[in-house]
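Here is the structure we will look at.
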Amino acid sequence: MAEIVLETHGLTMRFGGVVAANNVDFKLRARELRCLIGPNGAGKSTFFKCVTGLQTPTEGEVCMRGLETTQWLPHQIASLGVGIKTQTPNVMDALSVFENIWLGARRFHDPREATRKTHEIIERLALGSIARADLGRLAHGERQRVELGLVAVGDPWLVLLDEPAAGMSAEDVERMTGIIHELNKSAAIIIVEHDMQFIRSIAEMVTVFHQGAVLMEDHVDRVMSDPTVRNVYLGKKA
Amino acid sequence: MITALVTAILIWVMPMFIGTYTLTVLVVYGMLGLSLGLIWGFGGILCFGQAAFFGLGAYTYAIAAINIGESTIPMVLAVLVPAIFAALLGAMMFYGRLTDVYLGVITLVVTLILFKFINSTAGPQYVIGTARLGGFNGIPGFQTLNLPGNPDAYIWGDSYFYVCAVLMAVVFLLVAALLRSSFGRIAIGIRENETRMALMGYDVRARKTVLFAIGAAIAGLAGALFANWGEIVTPNLFSLSQSAEIIIWCIVGGLGTRVGPILGAAGLAYLKFLLGQQSVIDNTLITGLILVLFVLFLPKGIVPAVTGLWKVSFASRPLGRVHQQRRMRQRERFNG
Amino acid sequence: MDLSVVILVEMLYAVASLILVSAGLAVVFGMMKVINLAHGEFMMMGGYATITAVSLGVNIFLAILVIAPLVVGLIGLVVERLVIRHLYGRLVDTMLATWGLSLFFIGLATMIFGNTTTGISTPIPGFAIGAYQINGYNFFIIVIAILLLVAMLTVLKATRAGLIARGTMQRSDMAAALGYSPDRIYMATFFCGSALSGLAGAVLAPLVGLVPTSGGAYIAKAFITVIAGGPSLIAGLFSSAGFFGIVNQIFTFAISPVIGEVALLVAAVILLRLLPQGITGKFFKGKL
């Protein structure tokens, strides 16, 4: 069995009287790809924020490769080699694609190596034609792809993606799928996602959140055919 | 290289038009403008109290010069003391994750505290070493700049202007180098998107603190040079109107450029000097009007507007519009 | 015994004057999220309006309570139409523009009234408590501050305009969607805010020698009181004015007035560091 890279014990997050995440136990092994699904307000985004340090959980603990990171801030978690992409495209708008990715590379490499890495990523992500363009002028799909480039350039061993396919064209989604599979060769990946089509195309293991807790955790096909899941999630969507 | 050449020509030509006494203070103000232009235009830190570091530099120099009787160590202290003070203040603010308005309030309030405190130290019990703080009367009669190691060889008049101009050029080149370095690029990244930079593993708090301290060091140096020029330091150096002026220089000159704040400072200070010679219209009124008009009609400042025009007219590709959009986006980000 | 009465009155007075000084700014900030850095100059103009009216033979209370707020309110209206309305939603730009306005008005006042100190005497005589002399006008200020809070509460709670105002404070987009023109609401708000600043300046005018730069003394205090108060208008105003007023007076009595001022500012820095959302961001949530 591969090493456990991410683990939570009894992770709980309360906002006033609302329990957004309730006693979540979660395990992820190296090079695993896992999708988190669930209806709106199911707690998957809260879970994501607690794991990435954007929020500090009320109770419970988060461990990464055996290190307890519960109270850590996002930059400390990212420095471990964790690549994070938030829901909306979160990039440096006034800077070019090259500059954006270079900043991602510079965190882990000296300037010369960072430049080399940046070229490599730009080639891998087929961003060459827009490398000099400012991010603010790019289309949504391109911005999402650049942000994946920011994530990939750090050679992460754990990648956390919040709705990477949201609002993208079919072509963009296909490209994105390719990039994610490529990343998955060296990193464990968690994807928070709504789009069932996309999930089917990418994942095997799925964790279903419902009312702040984990409802079930199984292979995507079995999850899809499970009556409880259909009821709480798919039923509502239809 | 070009910068050095342009600077050399300017230093040579300018004294033919404006007296070196006036020019010296324009250069000093230029340096002060640059200090805020660096942290605001490139780091996204809007400091309402840049005058605090300017005043702190001037007072540090004056007090140290009286105690030591030689100018070299006081000059060094005038850079270090504001930098350390800013590092502490910045750490308190940035590690508390304070942003925009709150940053504004705290820097403004700290400036006021210093102003009120210094203003109230007229009594003979307020001394540091052999220097009396003098309250609202200020501190006169300190040792002015001398050749290092020789307290009797004063540098004054034309030579003092050349010293200031060369120091200004050196600071400008250092700032340019800083902005080209990784530190500078990362600072710009943080200005653009703090959260993303944190998610990429950068410690935003530490970096902003360091940049803030660098800005304060430059302001402190400007303060010390100003003290030498005026041969007296008064609490007015800490005043809110002084802080307002620095902000106006940056806005008028143009944020996100290196020369903008310097030109804005020198230009507006010279305008003020000219206006000071007439008494029809009040000086403050015009300063205020300029600020309002610029915020309303030319919010990105003169230098970006001119370079934008230049590029529209002469470049094959209309870059000007892109630059304009970029500036507007930066402003939107400042405005939260 | 006498001393403690005097100290109590002084504390009440300190809190009351902070409320007065900050009310105009708080209304504008609470409703429009606009920081008006010319607030101090609006107060200064209220003072000059009062002095000018009195020297023309108008009754002093009429000048303070009616003329000054009206004059400054109208000036505010012009400022809103010419400058502020172009900058809504741009917090930092409005701060910069109003800072420019503040300098503009200082210059204007200098040109009209000259750079000399003017003043009027207080209309209410002082009296003695035991061995201590108390300024009778301080009571007037305390009463005005109480009336002001009560009036603001009544308007916000019990009138239709107040309801619209509360709605706008919560969600300006929704108020607009319900058919209330935000443009007119903002205009009215800025008028009220400016009038309150004018009133404050007028009320305080007999206590201070007025110069064109007088406003600078108030803006920082008003600014920190409002920001430290947080999102709730009246609860925020009351709690932070109370806190700062008491801190100020304790240090004033214990050491000196200057240290009192400095202590107030230091308290503000510490408070904002601990409660970045202001007092009502943490306590009294959802109150007015």
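Which chain is which? They are A, B and C, in the order written, and residues in each are numbered from 1.
In the analysis below, contacts are C-beta pairs under 8 Å (C-beta built on N, C-alpha and C of every residue); 3 or more make two chains touch, one makes a residue touch a chain.
Since the model is a prediction, treat every value here as computed from it, not as a measurement.
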Counting only chain pairs that touch, give me the topology of the graph as line, ring, star, complete or other. line
Can you pull out the chain pair that has more C-beta pairs in contact than any other? B-C
Subunit B to subunit C: how many Å between their CA centres? 32
What's the distance between the Cα centroids of subunit A and subunit B, rounded to whole Å? 43
Go ahead and note the Å separation of the Cα centroids belonging to subunit A and subunit C. 49
Could you list, by residue number, the parts of subunit A that touch subunit B in their complex? 52, 73-75, 78-79, 84-86, 90-95, 99, 102-104, 106-108, 111, 134, 136-137, 150, 154
Residue numbers of subunit B touching subunit C in their complex, please. 46, 92-93, 96-98, 100-102, 104-106, 108-110, 112-113, 116-117, 119-120, 240-241, 244, 247-248, 251, 281-293, 295-296, 299, 331-332, 334-336
Which of the residues in subunit C come into contact with subunit B in the complex? 35, 83, 86-87, 89-93, 95-97, 99-108, 110-111, 216, 219-220, 223-224, 227, 256, 258, 261-262, 265-266, 268-269, 272-273, 276
Contact residues on subunit B for subunit A in the complex? 182, 185-186, 188-189, 192-193, 195-204, 322, 325-326, 329-330
